[in-house]
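Look for subunit A in each of the two complexes below; its partner is subunit B in the first and subunit C in the second.
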Partner chain A sequence: MIPKDAYYTKDHEWLKVNGDEATVGITDHAQEALGDITFVDLPKVGKVLKAHDSLLVVESVKAASDVYAPVAGTVSAINGALGSAPELINQSAQGDGWICKLKPFDASAVGSLMTADQYEAFLAEH
Partner chain B sequence: MPYIPTTDQDRETMLKSIGVPDVDSLFADIPASVQIPGLNLPAGQSEAEVYEHMHRLSHRNSHDLISFLGGGYYDHFIPACVDELSARSEFYTAYTPYQPEASQGTLQAIFEYQSAICRITDMEVANASLYDGGTALYEAAMMAIRLTGRRKILLDSGVNPIYRNILVSYTSNLAVDFEEIPVVHGQSDRERIIQALDDKTAAIVLQNPNFFGAVDDFSDVIESAHRKGCMAIMSVYPVSLGLLKTPGQMGVDIVTGEGQSLGLPLSFGGPYLGFMASRMDHVRKMPGRIAGATIDGAGRRGFVLTLQAREQHIRREKAMSNICSNEGLCALRALIYLSWLGKHGFKELANTCAQKAEYAKTRLSAIPGVGVKKSAPTFNEFTIELPCEASGLVSRMIDRGFAPGFPLGRYYQGMDNYLLVAVTEKRTREQIGMFAETLEGVL
Partner chain C sequence: MPVQYDGILAEHHRTRTDVTLFDTCHMGRFWVTGPGAMDGIDRLLTTEVRAMQDGQCKYGFLLKEDGGILDDLITYRFNTERWLIVVNAGTLPKDRDWIRARLPDGVGFEDASTRLAKIDIQGPNTFEKVEQVLGVEVASLAYFRFKTFECGGEAFVSRTGYTGEKGVELYVDAARIVEVWGRFLKAGVKPAGLGARDTLRLEAGLPLYGHELSEYVTPVEAVMARYAMKAGPYVGSEAVRRHREEGPDRVLAGFRIEGRQSARAGQAVLSGGRCVGKVTSGSFSPTLQVVIGFAYVEPALAAAGSRVQVDTGRALLDAEIVKTPFYKAGRSG
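Let's turn to the complex of A and B:
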């Protein structure tokens, strides 16, 4: 169920490494909990982040929630499609609903994130 | 519900249930050295006695003065319909109810108020109002900081000095850098402003007409600001918008102002009305409530609060602002006032104010020793130079029944002999004539 090719945080972000770039989004569990997403306050390309810095805000019909940077890095691309179609996150949280890419990013910190199995266990506990 | 919520008996019951002998023992941990030994509160009085006391106090005010005093707050006529309609019990409450299922009338009034503010400023979106003109300007500066990610604010010294004080004190514990650009002969120093704009500047804060009364077209300054990625904030006097080029036409990003002139009485500091308008692109970074029109399940038009994810009750400490509120009743009065005037009446009001001010200039400049500053066009307020200190002259004029204006030396160094004079539609030709004669007499 939970894609194996990504890493996960306790705040329900996912991070997928692709060579020297990492893609970030929120998990299916997160979108489910938020409900219909109405707005994604996309970060600016070039934004420099430390791990756990607030990356952006996602607004849903229920709440507004911060999304944090899973690891340190610099925003190198954003998913502009979310500007007019934030529901992409609800439809495909780990596919078309990706939020941004980080390049460079702190590859050494990826090991401290959860694997899909660990995240699944984490969800079961919480 | 009784007026006094806890009776002696209630108190007794509560003390007993927590096992404390008396209320004082709840404060036993506070050292005696810092306890207040007692307050000098006189014994209670009857309603009639209190009324008499307050009545006597109110008579110590100077009242029934013929006012030429402005400086951001003006003596405009308030049509009877404003009091009558705003005092209706459906509206008259200190708090603004927001539940759409119970408050369609209130929400519609806020929506229409926002629409009216957008129309007079030529902007795309307005919020439901803020405390007053000064705090609205502070909120605009913070909004520009959020939008640009920069921390420097350029402040034209022609911006109301009271507002500038508010801006600086509200941000004294925040990382905001202010750079003040002094006016030259009461006018904005556009070259220095343009030079000071850089990639650290979040916004330039301007005022039109400025505090000295000078009217300007800031389109060029705003264009320069935008080229540097800076925003332009402008505080405006709403009545002037019936005649002057609007902030929207000049390309301003955030407009704020004091709405007191729109149907609110002058009342020693308030409650007044801060208004704020901006571009739709920036709406999610705007503070305060916003009412929106929508369609309900049955397809009927209705009103709700919208974009609430920006706000204190949802975003908590990360809200766009945690120190703002809506002045619902004051905004309602502004809406009634503007609706009553209509587009034509609003223009006529602005024209009348400007023409009467020009007449006052003519009369005052004829007084030997008095100079009317003519370096810039003005709207309804202008600066005069006196052969004596303005503050002393103000006292002498008050004794003769006039509030002659605002002594500029109070906020601007070296301007002790300058007086800011405001004229509204309420001032008659006779009053202006009497004012000029009386002023000549006390010089």
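Let's turn to the complex of A and C:
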């Protein structure tokens, strides 16, 4: 079941808006495809990103994968728990496995992301 | 063989603490038979086949004339006229053509890769499970020894493996393998995939053909000349002897990186900002909880304790050259 309260990208990131801040992570589909995650190269707070910039790299046992910024913004918080427990992403990709927060972020670009229903249809096609 | 069944880490830990099952049917299995069999393979392999005993198996190499490694393999001696050679999957067709073309007339050669199935059972509880499932006692089998058993058709088991853990490799007639596999599953032995096989062999300090070993590397560079000490002559013996005398320009070394960010195959090894080598394998080690790997480096930097860096493209990781194996069964951390 894909959470309805977030927006999605074709690269399998999710973005959840909470007032003037947005939380970002990778989807359950993405963590499933990556397998056991062993390292998250967390960005620094204050990092300024354009949409589609590489936000960070997630490493699984087999490979390293880029995670991109769903929209433009500035990293305002990171999930430090992932440093010693990157498996939180496998266990709860859209909960405790969140990666970072953006504030400010480009709220006008959120409308170009997919809704949960659209992402579900996208997954079915790909 | 899939990359994973229920997750690489779970399968890895299960192999280290309990027991798992690997479908290794993709590997190659060749019978070499007849009165000229021993002489024939003695000329092709680095393995001291003449010194082996019946029921013994041994690791060795198939080399080109220039000493480049065509494959690493295990040779099983049933008797002087009956031998089995077990090779890697990716090299199977090439090995088959190479060996067949170089065996003397009259020596029998059969590619039994589809007729004779192979599965590995690995982990500290291997012996109990094999005895329970197949009724075969393997606890008294010495390391790198094998024995036949009753299973309807060809069946034998060797005290070998690719995980650094207690374990066996099991060979049975292909017609029986689905049933045998099912019996292990029913007894609670879970399967492990290619992903765990790779992290397990890396922790055990075992090379992987295509990574640490290739046609462009000799046993001397791979620091495995001990498996090519036979006087010969065999194909490649002269090149190995010469290479050992002259000394290699690069050698294989294990490295360790504190933390979780992994070095990967193909990345450059640096010392003082200068490129001194290349990573062949690298992974987060599920057992040791640090990053480990292999790299070819200049001999002067290959001693344990040497400090180098690995350039991942995004970061320079500090690495220490360490002795291998990284992990030995029965020891923690």
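Basically, the second predicted complex is superposed on the first by the 126 of 126 C-alpha atoms of A that agree within 3 Å, B and C clash if a C-alpha of one lies under 4 Å from a C-alpha of the other, contacts with A are read in each partner's own complex, and residues count from 1 in each chain.
Criterion: contacts are C-beta pairs under 8 Å (C-beta built on N, C-alpha and C of every residue); 3 or more make two chains touch, one makes a residue touch a chain.
Remember, predicted model here, so these are calculated numbers, not experimental data.
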Using the touch definition from the top, say if A:64 reaches subunit B (first), subunit C (second), both or neither. both
Touching partner for A:86 - first (subunit B), second (subunit C), both, neither: second
Please work out whether A:35 is in contact with subunit B alone, subunit C alone, both, or neither, and reply first, second, both or neither. second
Just subunit B (first), just subunit C (second), both, or neither: which does A:20 touch? neither
Greater subunit A contact set [subunit C / subunit B]: C
Check subunit A for residues that touch subunit B in one structure and subunit C in the other, and list them. 38-39, 41, 57, 59, 64
Applying the document's contact rule, which stretches of subunit C touch subunit A when the two form their complex? 3-4, 7-10, 195, 199, 259-262, 264, 283-284, 286, 314-315
Subunit A-touching residues of subunit B, taken from the complex the two chains share: 149, 284, 309-310, 314-315, 318
For the subunit A and subunit B complex, residues of the former touching the latter: 38-39, 41, 44, 57, 59, 63-64, 66
Would you mind writing out the residues of subunit A in touch with subunit C in their complex? 35-36, 38-39, 41, 57, 59-62, 64, 86-87
